[in-house]
Amino acid sequence: MNRKIKMGMVGGGQGAFIGDVHRRAARLNGDIELVAGVFGTDAAKSRQCGQQLFLDPARVYPTFQDMVAGEQKRPTGDKIDFVAIVTPNRMHYPIAKAFLEGGFHVLCEKPISMSSEQALDLKATLVKSGKLFALMHNYTGYPMVKQARQMVADGALGKIRKINVEYSLGWLAAPNAGKQAAWRVTPSEAGISGCMADIGTHAQNLIHYVTGLDIASLNADLATFVPGRALDDDGSVLLRFSNGARGVIFASEVSTGEENNFVLKIYGDKAALEWRQESPENLVIRSNDAPMQVYRRGWAGACPAAQKACHLPAGHPEGFLEAFANIYRAFADAIIASQNGDLNPVGDFPGIDDGISEMRFLEALVKSSADTSKWVTM
Amino acid sequence: MNRKIKMGMVGGGQGAFIGDVHRRAARLNGDIELVAGVFGTDAAKSRQCGQQLFLDPARVYPTFQDMVAGEQKRPTGDKIDFVAIVTPNRMHYPIAKAFLEGGFHVLCEKPISMSSEQALDLKATLVKSGKLFALMHNYTGYPMVKQARQMVADGALGKIRKINVEYSLGWLAAPNAGKQAAWRVTPSEAGISGCMADIGTHAQNLIHYVTGLDIASLNADLATFVPGRALDDDGSVLLRFSNGARGVIFASEVSTGEENNFVLKIYGDKAALEWRQESPENLVIRSNDAPMQVYRRGWAGACPAAQKACHLPAGHPEGFLEAFANIYRAFADAIIASQNGDLNPVGDFPGIDDGISEMRFLEALVKSSADTSKWVTM
Amino acid sequence: MNRKIKMGMVGGGQGAFIGDVHRRAARLNGDIELVAGVFGTDAAKSRQCGQQLFLDPARVYPTFQDMVAGEQKRPTGDKIDFVAIVTPNRMHYPIAKAFLEGGFHVLCEKPISMSSEQALDLKATLVKSGKLFALMHNYTGYPMVKQARQMVADGALGKIRKINVEYSLGWLAAPNAGKQAAWRVTPSEAGISGCMADIGTHAQNLIHYVTGLDIASLNADLATFVPGRALDDDGSVLLRFSNGARGVIFASEVSTGEENNFVLKIYGDKAALEWRQESPENLVIRSNDAPMQVYRRGWAGACPAAQKACHLPAGHPEGFLEAFANIYRAFADAIIASQNGDLNPVGDFPGIDDGISEMRFLEALVKSSADTSKWVTM
Amino acid sequence: MNRKIKMGMVGGGQGAFIGDVHRRAARLNGDIELVAGVFGTDAAKSRQCGQQLFLDPARVYPTFQDMVAGEQKRPTGDKIDFVAIVTPNRMHYPIAKAFLEGGFHVLCEKPISMSSEQALDLKATLVKSGKLFALMHNYTGYPMVKQARQMVADGALGKIRKINVEYSLGWLAAPNAGKQAAWRVTPSEAGISGCMADIGTHAQNLIHYVTGLDIASLNADLATFVPGRALDDDGSVLLRFSNGARGVIFASEVSTGEENNFVLKIYGDKAALEWRQESPENLVIRSNDAPMQVYRRGWAGACPAAQKACHLPAGHPEGFLEAFANIYRAFADAIIASQNGDLNPVGDFPGIDDGISEMRFLEALVKSSADTSKWVTM
């Protein structure tokens, strides 16, 4: 029987940015429907939000615990298949744990938790549950990122030597940057890091996704430029990788005038690649022996994973939502496979181990920076 | 009572390009649901397509006439509110007419018909019906196109002097370009023009949308480069506008290597603008008196219409689907207004007069070119 | 005996743009020295200019006739080897003729003359003189233009189908654009055309240089936007080429905000190329079968002619002057070959036939446009 | 009396890269003539080189000591006015010292010496000599760099917070990169650093030129990727500036496929700027409150220093040579001022203090990196 995957959501009430993105992305392919949710901590506003989303009021719950309980009671085939968690960082772990223990698949925003300890505990919970877990590192969903990954795997770059990642935003340049900004630099909501938890983790994750390399040690300088913030709003870090490669991540949310300037440059001994999130349909390949090549989304030269990730033909620009939707699609496919009896469905989406890694990365950053930027081994 | 707008579709079966785009675009905002359709002329395939779209099999009709009749019989509130027509050109007119006469709003792919006569007849039908009609010139849905329009209206460019439009694709460069290509150069399906009907009309429409100017006369050179085609696969045309401005449109579907390279450049006596569909988030403003400015979608300087057309913050790339979705959103809003008693809802989407214009443009092009490119007054 | 080539100049007094460019370009390679000149029609200013250029005052002549006579009288080896003519258009022909008849090689700014009749007469004079003649179409001197030419000749693009050339400047957008602008739209100084003589000829010449194709017929619409001008300051033209290709040139000097935006796009049935004068170090190659390639000046993939035209390694930007200097270098090499007994030295620089072509092109443009843009066969 | 400035050169024999660049740059403005030199250590090749440069053989000297002595003996007005030193690093200091002590002005390639001790000694020599000294940090000669500097000085960026500099080249990616490459990674020729001495110093110098800020402390990770090299061919460094700003320089000569990718990004609390050496005619200004602006060389908005540094109108691309030539022009102007009695001519070119700074920077880098990247205070 052909039916849509049923999705629940925790977080993403009025004024929230990422919750709305999740809903649009989930809709894009037409095979997922949002049927239940807790849209913030204010029950009245949550109900109003649910109404705007055409939800059955009975499935707009006051708390996530109510939602676990309520959905568990529904008949088979009429429950949510998975929950998407789009709250501030602090709540990722308890909510994810509750839904996994309640028997639901979980898709969670990054960073996964407040500590690596929580992340490890979540992994234990996940293993016990037999459920699926996806971590929303959405940039891995871009077709040209998949192309990059494939070309590295194919050896097109040779041995990787240097990895430079820039992630610059200007949205926190001024002291008063709004509610979305406020919780990200508040320790009780965001954890031990502000800027690095918010965007540095994307950099670390994307490096790993594309190259498979792990950071062996790092040397960080975190900064807080806007007075009154308790967490970093900027940081730079020197990297050494397990294979001998070196690198740099510099990330900032006080880079005035920058929108979402996330750039990945990887140099091997044969060739190099460059990918820019703000022009995501290009993958630039350079070498000393040939003219520069620009692989374009949907055009000749794309690998199967990049082709599969396309929603439209080349020249019909895709963007952030389609990349996001690719994570949803891969996760939905894995859920279907699971429902069809596959005990260990593997999909092209980040998971629990990415979450553990990102928390260790954050902890190492903070430790290194606090100790006047000594090298810290991961 | 809060309910989703109900949409039907004619066309867009398996392998069709634009039908799927329409469905994705219609889904994006979450307020439209596809509930009925005729997905191509093969009834079995259409049913299969309906099933993949999770439709009630009873609402997957064998013919568009059946669909008009079937939907008319359903209770109020449970019928489709509008139909989207995404067939080859030949069928736009009869289907649109049938649905208007059946009491349904219509959203139709361009070009509107096979002749200006049909377009005029459709206008008469529309007026009689009291229904709403939208023509899918999707490029008008881009935020930075709306910004361009506002800046021209505000006089930021001064008096318009020159308008240059390039629209280059390479997809028909080779003789055998597939089923999607074949009907576009077949007179019985496409009409009196191939390339110009397919993409030249976008150029003419976008010029009008942004500047409000009408073409007063034109001088065209249409060409067919690939042997065996009965219609143009390329063309260039000199333009004179009603206000004294001049211009050029050069459009081609045999421009090897081009994806969807649609570029609009408008020069006034104060300033000039440039917009490129493949980098749709930029609007470049040049003058002799100031540094170049690049307006970015979602960033400072955007007018209300451009802001309203955004789905995501700046730096989170939007593309073709979001622009498409903006037409759907505007049309859905007009339908709701109509249902709420507004007798003449006005929305920011192309309509019947754009359809009449585009057919006159095509007829003038063909006449001019046939007569060894004399100036033809429109 | 190793000596520098000795150069004279007519034109290029204070405030002149192109004369100074010629001098800088001639200096760049270190093998040409300016030794004599007539720097404008005001003898006092000319002397002052000569002094600033460190010239022997005895070789700063009041008129070009004096210069011919004066240089002829000097001992062998101490005369100028060639003259560079950088006056307004009107004077190109009489000065070139005088120097050729006087036994000097001539390098002349474009357009070559005021009419094709003059150009043909100049050719007869040239043939009789046994001297060398170069026409300064400087854009042919760019390395990536030479790369483009070689790739077309090698068949990399296949059969050429479409050629689109844009040449947009904004410098004449306002009525009062200065002395340099004034003569260019004054018939007695500039000839039968303004904008097209100034920049349209570059477009026509570059197309021929890169593809070898001749324009078979054309259909033009010239315009004068700024009141009071007696010549075109804007124009667009449809082109048909001898091999069946079609094309468009649109050129304008009233394109507000444009600097020197000269773009050449050539489409063949295999691949296409794009070159932009404002980013002259890139040559973009597109096809339907491969990722986009960007050939870069000085980098892998460059042909010998492109490599030879480089002054600096890749990544050390070259520009307009180096391209200009390449014409000078090629002309100087031909002069040296001639002095070494080569009766027919062939060099990579435009010559007398390019001048005849450009005048016929201008005459056809004016004829076509005057006759409400009929096709005119060349 | 109007005469050209007379220049001598040490270094720059056949096959040398930078010597030829110096000669072209010196020629460009027409007011400097090369009259003497020592073109490498092989006297026969040097003579041949001198002949190709049309020099008087008597002024092509076997050693720099001979050149000092030989030129001192020539009559006043017939000596060289200054010497350009374009040898490998090792010889900069002794040659510069000899010419200063010999009474000649000196223009020297960077880095100034092998140690800060030498640089300090050279300053003492310079002061005693009363002569002028220029250090060839050519990137400071670009018009848009001067524009950047002026805008920072004017407060357009507000308080500087973050400075990110990338300098990536691929030319040393392979082990065998030629003679030009070899000496740069040989301690006896290059000094204590390879990559950082060659290009890292440009980064440090440009930051200072544009912002006026000094590096307070740094934390570096230098690397040698190609086996067999005794010096770094890559490095990254975290920076803290005197005003509280932070930053990163990452420089590499093993960045496969990169040409000369030198990028400066500076973020203030009001606005930010970006300049890219490979597209040197653009200066991008971003803020949170206004559309992006692109200042273009020669166009509206340029400050007097940027305007003065132009050789050609906007749209006629300038590049590396013109920037280089601007340093020569400024130095020549200072020499003329000195000859006209100005005891302390100030010109817009880097000087002795830049040399001392760059050596301290290199020494701090090496110290930090050797000690597993601790913060080193400068």
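Letters A, B, C and D mark the chains as written, and numbering starts fresh at 1 in each.
Simple rule for what comes next: a residue touches a chain if its C-beta (ideal position, glycine included) is under 8 Å from a C-beta of that chain, and two chains touch if they have at least 3 such contacts.
Keep in mind that this is a model prediction, so the values were computed, not measured.
Engineer: Could you tell me the least number of steps, going only between chains that touch, from subunit B to subunit D?
Structural biologist: Steps on the shortest route: 1.
Engineer: So subunit A and subunit D are the same sequence; what rotation in degrees superposes their CA atoms, nearest 5?
Structural biologist: The two chains, subunit A and subunit D, differ by a rotation of 180 degrees.
Engineer: Any chance you could check whether A-B or B-C wins on number of contacting C-beta pairs?
Structural biologist: Contact tally favours B-C.
Engineer: From the C-alpha centre of subunit B to that of subunit C, how far is it in Å?
Structural biologist: So the centroids are 43 Å from each other.
Engineer: Measuring centre to centre with CA averages, how many angstrom lie between subunit A and subunit C?
Structural biologist: Each chain's C-alpha centroid was found; their separation is 55 Å.
Engineer: Determine the centre-to-centre distance between subunit A and subunit B, using the mean Cα coordinates as centres, and give it in whole Å.
Structural biologist: Centres of subunit A and subunit B (C-alpha means) sit 35 Å apart.
Engineer: List, in ascending order, every residue of subunit C touching at least 2 other chains.
Structural biologist: In subunit C, 258, 285, 287-288, 292, 296, 299 touch at least two other chains.
Engineer: Per the contact definition, I'd like the list of subunit A residues that touch subunit B in the complex.
Structural biologist: 2-4, 17, 21, 23-24, 27-31, 51-54, 169, 258-261, 277-280, 296, 298-299, 311-322
Engineer: Spell out the residues on subunit A that touch subunit D in their complex, using ranges where they run on.
Structural biologist: Touching subunit D from subunit A are residues 157-158, 161-162, 164, 166, 168, 170-171, 173-174, 219, 221, 223, 225, 234, 236, 238, 240, 246-248, 250, 252, 254-258, 265, 267-272, 285-288, 292, 372-375.
Engineer: Would you tell me which residues of subunit C are touching subunit A in their complex?
Structural biologist: Spelled out, the residues of subunit C in touch with subunit A are 285, 287-296, 299-301.
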